Structure formats: structure tokens, C-alpha cells
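The first chain written gets the first letter, and so on, giving A, B, C, D, E and F; residue counts start at 1 in each chain.
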């Protein structure tokens, strides 16, 4: 193992010196009592709690170091695994919608792959993981050498990349860390598509994810993973319960409410999954890819990655059973969509926790995820909004639950953070505070972006396109042609008479 | 007895079904069909190649009714199937065809004729 | 490579001291001549034959050791690969059945993922890989520290895990070995679903796999991989020809016979694969995931893993061609289901062999697998049982064939076991003996479990559910809605009049 | 890291001493001016340009060396990833064709897996990567120890394997290099199926790929990767832009022209993709697997692999957007098939480049790939040939473009080859020369093979099979049965009356 | 000549086909349809939300017959389509409709009328 | 008015549509059906087990026409639907059925009778 040097360097930068508007909002939300320790006093108060901040170097020094081939091998594989989550999500979402919107729904994932990867290349990586001078580092990355990836070392591992939590011992080249994180930036907005499915204009969608990635995801990732102000507080989020799931779920809810219900919802015949088998397959690919997401978030092929892998597996399996159990209690039918939804709920909830919690707690987290998210999916019926594919019900609720349970079950037996089970109630408060901040940022950011898009290019397809279906109406394509009537020829004139 | 065939827009099926219920016509058979008619089609694309699709997705209803129900059935379908704002019809809303029906047999109990409808 | 210490320690424990009832049955089957060397005399008689037993430590000492990041990287990836076999199997099986049972058939795989992972967490891992004191170690693991994974080291590699055959040089953390093995425990009962497809109650299925995993799989895995009595004999099974495929195939046969034929079989229109394209895709995912299964069974990123990978590829490819060849001889149609089935047959047969046999023998094994399993699929027509998707015909027959051919082609050029080609006929006898034991255990265990379930919750769905289809009848869902008739609204009252 | 020794040894063999007929053809094509430096003078003229040839040892010395477990872990995973490209390709192609040819189209990929893996075992590996004595090494591998893999070291890494470009520092066992390359040999002919889809006889297809693999692919791979004469010139092809994509695309064009158009093309109703959702899924699997293809071509878990991974991601994403952009300019509909096709075009174009070009150039390459290949897909309408699924339009054109852009953007900041941006215009000329040779070899080779097959077993299915569909007509199967009409029973007599 | 339309349960198709063969009716056209009728539907679920499905999967047969075959055809369908134990009919077994048919043309050779059936 | 039902080979749909256009019949409804008839089926295989498939994929056209168009429509279908070389018919090319039609209603504007066709 070519570990030349451990992460080191003065972490003299402590307090949150700047106070931009958004922070004021955040403070308003949490109240001054909570804000006080957040300002600097908390972390030292808990002995033995090393935080994300401890492993970040906000000083901007990027130095080459040798990498470990084992960790590099795993991060290459893990990044590919996260990538397959997009085709997985496309199938998962695409299979649930009506036949006429099958392709358009899949397209939300594929377009996110295209758009966000390019945005990441342009400036997304810099915003999230670049270092900034002084107080700006709290808020956003601003480091021209990471713009257009011009200064990214193509070959070597480098020190000074904020947000490589476990990368100390067995580091990997910057390029693979970069693309691993790119995939997180892709999937997060892609998840939102579940809330606005079957009615949003494709142009508006493209603009939305570009803006949302820039103004919501990149800052939030910087706050928590990129050495920003939330990282200073000591809250932990192993693979993105807050950054990915709370943010996308809450944004989905806001977007769904603002864009309005699908025509006919909830009375019409809206719920006609065209192919639940593909949805199940998509859930399977999501689980598969999620191993890269969760175990890859160790940033190394180390024991922590293995523990995260185990926790992910057990929590997910249990959550599938729990969802089936909940619906069996409710209506006596354990559905296949139910087990798939439960799996996804479990994956969501274990995401922030998997690298922090004791092995024995993973089935508890999974069970709660399955049952609570089943409840979450009923909320839309109660409150009357149209979160079409339950992005909020599963990702929003499940992500919040996971962030809290991380605070409960975090154990110093597996990582450096103590939770309630180790007697550290502060961690739970911290988790709540940070999750609340993410809710606020996502809600406000989404509301502003959606409002702007509504006033400019417009959000919704026309009624006739919604009736005809987005596949034909927007993309000029047809999802299924499995009957025997030959499609009409392109050349016959006069048929339309 | 008459055999009424109606070709309607798929998304009007529910409203038609409701309108038929209102006139106490509860039994019918539904099928996926495609139709050429006056309605303009749409264009699909395959890697830059245009395909003018004029064969449009429709739903076909087959309804056997006794004479007394013929006109109510036609009226109900017409009411439910019109897709324009305020119940105005639009091109493509479809057609209703009335054919003579000579006999009906209910398989389960062998009942014949009008009573079996 | 941080190899701190090679596996070492006194392997003083030799003979099989206990003689429980099941062993008496086994001895009856094989006769005393065969039983004699099995009792202790055989292994020394063959010079140069190191066995699985040699690498296991039944003494229960679990000590921390450093792990190798390269091997850890591979085992993380390999475990994810084995997990994707379940969605693969779901597609493979789901595509073959009638449309009305598409989802229910996929559900057999997904429910196995849920149920067995949880069972593994609870006590499955302990039963299979825990150590026991004294003679009990021959039969089952009984080590409270592995219950609920309470004592599993979350981060480190440990010595004393029985059944990590090649883990000596480049070890991996216990957690990833644990979950890698969990996936084996999942897929084995899931395979059985092929035999009882389209007619078994879901509740009975859930109970069945839980019991079968506990009373058949875990003991068998312990016997052969966990340092149990069969491991002492010197029989080899690299990735589970006996533990996985013989056991599931034979159990499938027994279950299929006990549950009875599908309504209308064989005269009715039973065979209407709803989507062979998905079956092909499932076979592709199975092949893909099987690399984790086979090459991962080296438990390290070593040369043996690479050899297993090569053998797996060549045997599988050849078996696909061989199946097509067989059906071409039979009826002049090389089918797509045929090549897919042949691939699976090849994968099954090479599973026990891939880490033991010379490279040149893999196409021979593949060819025989393709042809013999094609024959195996005809047996049900001859004998009149309804092994719906040929779990016995392919996995049972193919697994048995592979176990035998391992005895034939095992070569000391690649691993430590000599087979017939190295002049060691005893190995073939041993393979036969162990395979026979597995047949017996699986058959008896399955028969008892199925009988109990039949008397308690009942095995079969009602005729009307079988006619309507299990998707709607059990799960309340519909697999395909690719036509244009809108599904009826949930709210219209009075339609049923 | 067990790096025992760097690749070393006398590379005394320089000039291309033999002049077989095919080379004369090649020289005719490029003219003597170009041929001159190609004969030996060019490489030294460019300081700092290390070529593929530099890392190959045509002397045939295979010596054991220790391997690196990290690289081995990555190559195991990468090979599995390349394998999943075949099921991915099967879905990608299968989803686009008419329902009646769905399975037959998928079968082209699956049969390639079967046939070419076996051919590779028999002699393909030897032809491509074996060493030969003297001048023969320029043309083909001829090394009996690699026949039937009899002499392949099952466990160790060996020196003397030509064509392991970056394998020097962190080597891997020969077996995994072997199978990694096998998958390249499989996918290349499988790509050709896109050109001749929906009309070629299955028997002719099987014979075609066997012959094409032997007479076109293996020599070409040897020329460029196996230490053959093109490798001497200094042209670079990281993961197969020339060897894989130009060769398959051009061969597809030639085959499509020779086999003729589908009945009714272009006037009939030929274009009716049965399931574009599966095509999208296939494209997703292709992207996923392509990470193994491209980043795996570093043959190590090193920084170069990570850079290739990043370049692949960004170029692919951009190409998808570019294709959508092009069609938006053309007809205002960003299609889902368009983004998928763009992704594939981007993957194709970045393939030769990903390990050579600066990070900032990858979106440029991607953008050009998307736009140019969209244009490429229009050529068939202009020239009137029937390249059914655009294997030439995307792979041929995209591969050529990628080869050229590699010459443009190759940067010594990332690898040892300088391109136009580093002031080395010769590289571009070289790339053009080698690409031209590949075009010629593929075109001539394909033409001869197709001609022979036409005269012997015949190329095309009968008109009635083409009308009925190849699924039923050739394979005796039916791709989709998602309606409710039960398939007829196999036993009712007299129905056909 | 008559045009007989029968709506039956999908799983009875084979038995109906057999019964028709027995009365020497070998030619017919089959289609996937869905029907509303007296038969109770089933309930589907989507993440806890209930959907009452009353539009049920049926198979439609269209059979053109000469007069002499009308009654045998109806009887054969009735016999084959009944799904209860011992040939008893059950609700949902479907109906048979008899329409007048004026002419038949066999496309392959142009034969018209009864002989073309 | 007549209601013409034609069962044809799927791959002849385009030619039939063209032939109908030539006689100025532009409106029709198309459906996927399967048919038993004189035409021999094919054999499918499932892991060595044979399945004789006699239920063949066909396309059904329903066309409402005024009397004057009946013969031209029949002729056009016949012309377009024949699949043999040189316009010769082949077994399996299908049949045309002519049923009486009593009324037509265009839903969009309520027009009735011949004018609505």
C-alpha cells in the first residue's frame, strides 16, 4: 500500500464567519439555542466524536500522493455501479407510469445523466468540492483550477480534496473520486422526476435539473461533504441521506405541489403501471448499484466499506419485508411493487447510516424504513397533492428517517461518531438540525427555480399532450409496439384524409 | 335488438362508461383498436427519419341493447365521448354504428333473447 | 499486501465422532465400503490432495488480521455481482411463465432476497459458518457471537472463519465474506421456484424458503464449506455445485411432485412464455453475476479467481452452443431459450469445477452440460412430473454432472486437488459420495418441510386463482398493461352491476 | 505491490520485413509518401512518443511474475462489465426491431458470446496475442502453447504477453487478460448484426462471425494490440476505436449492401421498434459495461484507468446531449432513442481516445460524436442502403471520428503520446493511415466472407420467413405474449383443418 | 348466413375450440377484449391505494356460419364455455350474439357466399 | 349501408390501405386478431417440447360504407390482400364479411346516416 502520508495539516479554520441570507433563514428555523453550539461550541463538547470536518482540508492545498490499487479498483467498480442506478431508476419509474408516458419517464433519468455530467464538468465539481479562500469555503467551492477540470490531476491521488472521508489510508486518484461524486449529482435530481412524472415539459425539466443541480445540490454537497459549514457541526451523512434523499424528496414535494395534479387525479384512471416487471427489475438494479453508492462512499476498499455493504444488505432486505408486512396489515395483499418500494425505502434510510451504525441495528433501521415509508406513501391521499411516484413519500420521508436513525444508532464500534446508543443525544439533535437545514434549502431553492421556470418557459405540457401521452406528444415516439398491427408506412400519402 | 359499435377516444372511455351507467346500460365489451379517419395523425421520428402516423389509437365498444335503449345509448355515448371544452365535439371523437341483432344467448344459464341482454 | 500471518493452528480434530440419525441414513446409502475411508482413512491415502478441511479452523478462534485491499475490492464487487443474480433469475423465470403469473414468479426471487437475508442475519450465518464445540462442529455452527451478528467484527479480517478456502494469502474483512455467503443462501432456495412456479401459495413459499434455508441449506453449507463432516472427507465444491445446485434441483423435483401439476398440464396450453426477451436478459444477468459467484469463491483477487473466471466463460459459452446443437439434432430449431438454458446449464456444471479443473477441460464440461441438461429437460415429459421451469432438469442434473466432472478433471496444475486425469479415481468416488449425501439431505429435508406446510397452511392456490393468475389472485397486481384501454378508475361506483 | 520487474527486454525487431498481399493493398491506399515513415522512419522522428509497440515483447518470452491484487480485482470486474455489454447490446438492438424479429435480433449477440468465446479458446487468443517467430509476428500470432489454452498459465501473471499496454507496473494474471480480450473479440462481430438485422439466415450469421473473427478481427487485433506491424507505426487505439468500431461498422456497411435491403425498405412500414424502453435499458447497460471496456483497457487499477473512466463519462454524456441537439435543430423533437444513440456514439468515439486525451477535450469529442453520428445515420437515406440499426452510421463513423480526434487531442499530460494539440501533426496522419488500413481490411475481408457464404449456405431467409418474422420462422419462438388470448394447446388435433 | 359473436372466459377458449371442432366448425377469429357485465371484478393495489377493476379480461370469437350451423355452433360454444363444475354455467361465462350476415368473400380465390364460409 | 369486416394477413395491411385509398375509402378501424382457418400453422418449441400453433396472427378491418362503395371496397381489399406473386391469392389471405348496417352517428357533430360515414 503506497500510503505516503496521512491526511494532515492545520485545521485552524473553525467558526462559521460569514452569515449570508440563507444562513439567517436557517437560524430562524432552528432557534438560537440550537444555533449556539452549531456556531462552534458543540464539536469539542463530545469527546471521541471525530467529524467529517476533521478529514477535510479547507486550505486548498492539493498535493500529489500515491494511490492504493485495491481502493482504486473498488472505486472504479463502485462508480460504474452508481451509474447503473440511472438505467435502474429509469426502469423503476418507467414501469409504474401509464404506457403513454413510459419513454418520457425513462427520459428524465437519461437526460439527467447527460445534463448533470456536463454541468459537473463545467463547474459542478468545483462548486461542490473545490476549495475557496476564507469564509467562502463555508458556502461554496470557488477554485478556478477545478473549472472545466483544467487543473484536475488526471492520474494521481491528491491531498486537499475535501470530502473524502475515509480516503486517508488507502487513497485513490482524484479523477475517480470526481466521477464517483458526479454520479451522485446525477441521481439526486433524477429522483425528483418521480414527483412530477407524466405532466412536466421536457424543456422545463432540463432547465430545472441544471438549475437545481447548480443552486441546490452543489451547495448542499459542499456544505456537508465539501468542507462547508454544516460539515463543521459534526453531523454525519455517510452516503447521502440528507444530501441526496432529503433534498430530492422535499424538492419533489414542492415541485409536485407547484406544478399541480395530473389531469383526472385522484379520481381518474391514473394508476396503470405499464410494466411492473420492469419496475421490479429497476429496483433490482437500484439495489445492485446502491452497493457502489453506499460501500463506495468509504472511498476505499476498506473494512468500513464492507461494513456499509453488510448494513445496506440487511436493512434493505428487512425493509422490503416490512413494507409487505405493512400492506398485509392494511389490505392483506403483499404486492410486488410493495416489496420493491420497501427495498428502495430501506436503501434510502440506510444510506446515511451504513458507515456509522452497528451491524445489529441495520434490520431495525430497515424495518422502520419499510413501515414508515409505507405510511409516507399514504400522505398524498390524505393531503391531496400528486406526488406521482412517491419521490417524497419514499425518498423524503425515508431520508429524514435515516438521518435521525443515524443519530440514534451511530456507534464508535464501527466509526468515530457516537449516537444515542452510545449515550450521545447531541448527535440526534445535530442530525435533526442539519436535516432541517437541508429541508429548508431544498424547499426554498426548488420553489424559486420552479417559479422562475413557470414564468418563463412554462412547466406543464398542454392538456392534449397530457392526454395523448408525453411519449408521442413530446418525444415523437411510442413505447410499446407488441401487437401485430404493422405501424403505418412513412411514405403513404393521403392517409390522413 | 341492436348491436351498437362505438369507436371513441381512449381517454373518453371513463366518461362514456359513466354516461352509459346513467342510462342504465351496464354491460358492454371493450377492445383496443386503431383507426384511420378525418383526424390528423402525429409524426414520429426514428433517428431523423419521419414517420407520419395516421393510424390512431382508439377504443371500440360493442353493446347489445334492446330497442328501447338504442337512442339513450347513442345519446349517452355521444355525451361522454365528446372531448372538446364544454361538451363540444372535436374531429376524431369517433362514430357510433348500429347493426341489427337477431338473438342473444347468455351462456351461464342459456337464457335467450332480449332478456339475456 | 498486508498479510500478517498465514492460516495456521492445530488441525488436530479429524474423525467424525458423532453419528446422528442423518448420518446413518447417509451411510446406508453409500455402503460401508465407501463409509470406511470417509471416516478418516481416505485423505491421507492420496498424497498431494489438500482439502477444504485443511484451510478451516474448527477451533473457533477468531483473531483480527489485516486485510488486502485488492481482494477486498474484488469481494465487494463479487458480492454485488451475486446479488444481481436475483433480479436476473426473476427475469429469467418471469419471462418464461404465462403473462398472468409474471409478477408472482418474479416475486419468488425478490422475496427470497428479503427473507433469507434476514434469516442469515438472525442465525443463518451462525448455523453455516459459526464454529461449535466438539463433535457438533461436524453438523452445524453454534456460536452465540455470530447470532444477530453481534460478535461479527465490522471492520477487520479475522482468522477462524471456516470456509474461506483461498483466503489465506490475501484476506478480506469478515463482513464481506459474510454477505457474499448470504447471497449464496438467498439464490439457492430462489432456484427452487422454477419447479413449483404458477401454482404455489405465496405464504407457503415464504415459509418454505425460511425453513428450507434453515434446515437444508445452512447445514449443507456447514457440512461442506463451514468445516463440517463432509469437508473432512476431501470432496471439493468450488462455488456450490453440490451445496447450491444439487440441493436446489433435487428439492425442486421433490416439491414439484408433492405439490402436483399445474391445471391442464401437460395437455393444456401451459407453455406461453410472456416475454422470452426478458428471459434472455435474465440469463445474461445470471452469467454476469455468476462471475461473482464463481470467481468470487476464490475469496481473493488472486490467480485462482482469474482461472475460475476463464473456466466459467468457456464452459458457459460452449454449453449454450451444445444445447443449441442438441435441439438442432432433435428438431432442427436452435432456439433462443435454448442457448439461454444452455448457458445456465454450463454455469451450473462449471460451478463446482471452475477453481479445480485445467483450462482445457472447461469446454468439455460445457459441452456435456449443454447436451446432458437438454436431456434432463426431457425427463419430465417422460416421467410425467411438472418441473415447470426445469429447476431439476438444469440445476439438479447439471449440478450433479458438474460435481462428477470436477472429480474427473481436477488438476494439480491449478489447485491442490487431483482428479481422474491426474490418476486419482478416489476423487470421483468421493464426489459421488458427497453428491449423493446432498441428494439425500435435500430430498428428505424438502419432503418433510413440504409435508408439514401442506398439513398446516396449505401448498396450492385455489383453482380459481390458478386460472385467473397468481398476479391478480395473490398479489392484486397486473403484470403488463401495454394496450390502450385505460384501466378502470378506482372511484367509479356501480360499474360492476 | 508485488512488482517484480518492469517490462524490459530487447525490442530489436523494428521494420516490417514481410510484404504480403494485403499490405500491398494497404500501401496502394495510402500512397508512398505516407507509407515511407510507416515503414520504420516515423517513430523516432517524434521525441517523447512512446507507442504501443514499446510495451510489447514480440520475442515470445513468457515468464511468470507476481501480480497486483488491486489490478487483478479491477480486471476481474472490468471483464464482467464487458460481458454485460452483450446482453446490453441484445436489448439495445432487440428493442428497435419489429416485434417479429425481437428474439432473432437478440440472438445475434448471444450466439456471438457462444461462438466467439469457443473460437477464442480454440485458436483466437493465439492468433491475436500469441507470439510468432520472425516476420510472421507482424501479421499473426502462431504459438502452439496458446492453442486450446494448453500453455496458458492458469494462475500467474506472465511477461511476454503482447498488448498489455499499461500492465507494466501493476500486472495481472494471464487468464484474466485473456478473457478480457475474449470479450472484445465477442462484441465486435456482434455489433455487425445491427446492419444486417431482420433478414440474415441464422446459419449464415454463425458461420459469418466465426470466419470474420478468425480472418478479420484476430489479425487486426494482432496488428494493433498484439505486437503486429501497425503497432510498430506508433498509432494509438486505447480501447478499440479502430480494432472494434471501425472494423465492425465498415463490415456492417459492406454486409448490408451485399445482403440487400429488407423487404419493403425504405417505403414499407419497416421502422416499428417493439420496445424502445428496452433499447434505452440496453444503452444503459452498454454505458455501464463500457467502463470495463475503456477503463479496463488500462489493464490495471491505475490512474490511467481513472482518467479513461472520467473521459468516458463526460464524452458520453455530452454526445447524448449533442444528438438531441442535432435532432432538435432538424425536427424539433429530442427523442429518447436519440439520447441513447448519442450515448453510444459518444462511447464509440471516446473509446480510442480515453486513455490519451486531456480531460478538457472529452466533451468536445463527445459533442462532435453526437452531431457527426447523427449525420452518419442519415447517410443510408441519402445513399439508399439498408444499414438497419445504423451499425455503420454510429460505429463506423464514430470509430473513425474517434481515431482522428485521438490524434488531435492526445496529450502527454496524461499518457505518452502527443497529438495535434501538443504540436504533433504526424500523429493525426498516423491515425488516419491506420484507420484507413482497418477500413480496407474490414471491407475486403467482409466482402470475401459474405461472398463465399452467399455461394454456399446462402445469406438471406426466404421471403415468407422474412414476412412472418425470424423469431417464428427460424427459431420457432414468439417474442411477446402479453395479450390474454391463451396460446393454443400443443395437443389439440385437427385445429389446422 | 349468420355472424356469431361470442364473449367467453379466456381459459375456456380451448374447450370451446374443441367443442366447435366436434360440430365441424373449424374457422373462426379470436380477439382480446375486456368486458363489463354482471361478473364481480377484483381489487388491485398500488402502494396502499385500492383499484376496483371491473373491466374483465375476455376473449371474443367471431364466427361466420351457414344457417344450418347456427344452433350447433351456439350449443357448442355454450357447452365449451361453461366454467362451473360438471358443466354448470357461472356468472361471467359470457354471451353469444347472433347477427345477420349478408355475404362472404374468400380473398384467395374470390369465392362468394355460403361456400366461402 | 353495410358493415364490412375483413380478416387479412398483417403484412398486407399497407397494400389494402393503399387500394382502399384508390377507391376513396379512407376511413376504417383496424384491430389485432388471431384466426383459425384453412391455413397451416407453424410449430414452436420450448426446451424440446413441440407446440403446434394454429391460431395465426391476422388483422381485422371494420369499414362502414354506403351501398355504392360496397363492391369497390370488396374489390380493393381483395386486390390489396392477395399475397401471392403476381396478385395471386394464397390460402390464409383471409375473408371479407358483409353485414347490414342500420345507422351511423358521427359523435363530434351528431350527423346521422350515410352522410356520417
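In this section, contacts are C-beta pairs under 8 Å (C-beta built on N, C-alpha and C of every residue); 3 or more make two chains touch, one makes a residue touch a chain.
As the structure is a prediction and not an experimental result, all values here were calculated from the model.
The set of chains in contact with chain B as well as chain E comprises A, C, D, F. Counting hops only between chains that touch, chain B reaches chain F in a minimum of 1. Taking each chain's centre as the mean of its C-alpha atoms, chain A lies 46 Å from chain B. Centre-to-centre spacing of chain C and chain F amounts to 53 Å, using the average Cα coordinate of each chain. Note on chain placement: the centre of chain E and the centre of chain F lie 19 Å apart, centres being C-alpha means.
Counting partner chains per residue, chain B has residues 11, 14, 17, 26, 30-32, 34, 36, 38, 45, 49-51, 55, 58, 99-100 touching two or more of them.
In chain A, the positions touching at least two other chains are 68-71, 73-74, 77, 268-269, 271, 273, 275, 301, 331, 333, 335, 337, 476-480, 482-490, 492, 495, 497.
With chains as nodes and touching pairs as edges, the resulting graph is complete, every pair of chains being joined. Contacts from chain F toward chain A in the complex involve residues 10-11, 13-14, 17-18, 21, 26, 30-32, 57-59. Contacts from chain A toward chain B in the complex involve residues 268-269, 467-468, 472-473, 476-478, 483, 485, 487-490, 492, 495-497.
By the touch criterion given at the top, residues 2, 67-77, 79-80, 83-84, 86-87, 90-91, 94, 102-104, 106-107, 110-111, 113-118, 121, 148-150, 152, 154-157, 172-176, 178-179, 182, 202, 275, 278, 301, 471, 474-484, 486-491 of chain A touch chain D in their complex. Considering their complex, residues 45-51 of chain F touch chain C. Those residues of chain A that touch chain C in the complex are listed here as 1, 68-71, 73-74, 77-78, 81, 98-99, 170, 266-269, 271-277, 280-281, 283-285, 287-288, 291-292, 295, 300-307, 309-310, 313-314, 316-318, 320-321, 324, 331, 333-337, 339-340, 342-343, 358-360, 362-363, 413-414, 479-480, 482-483.
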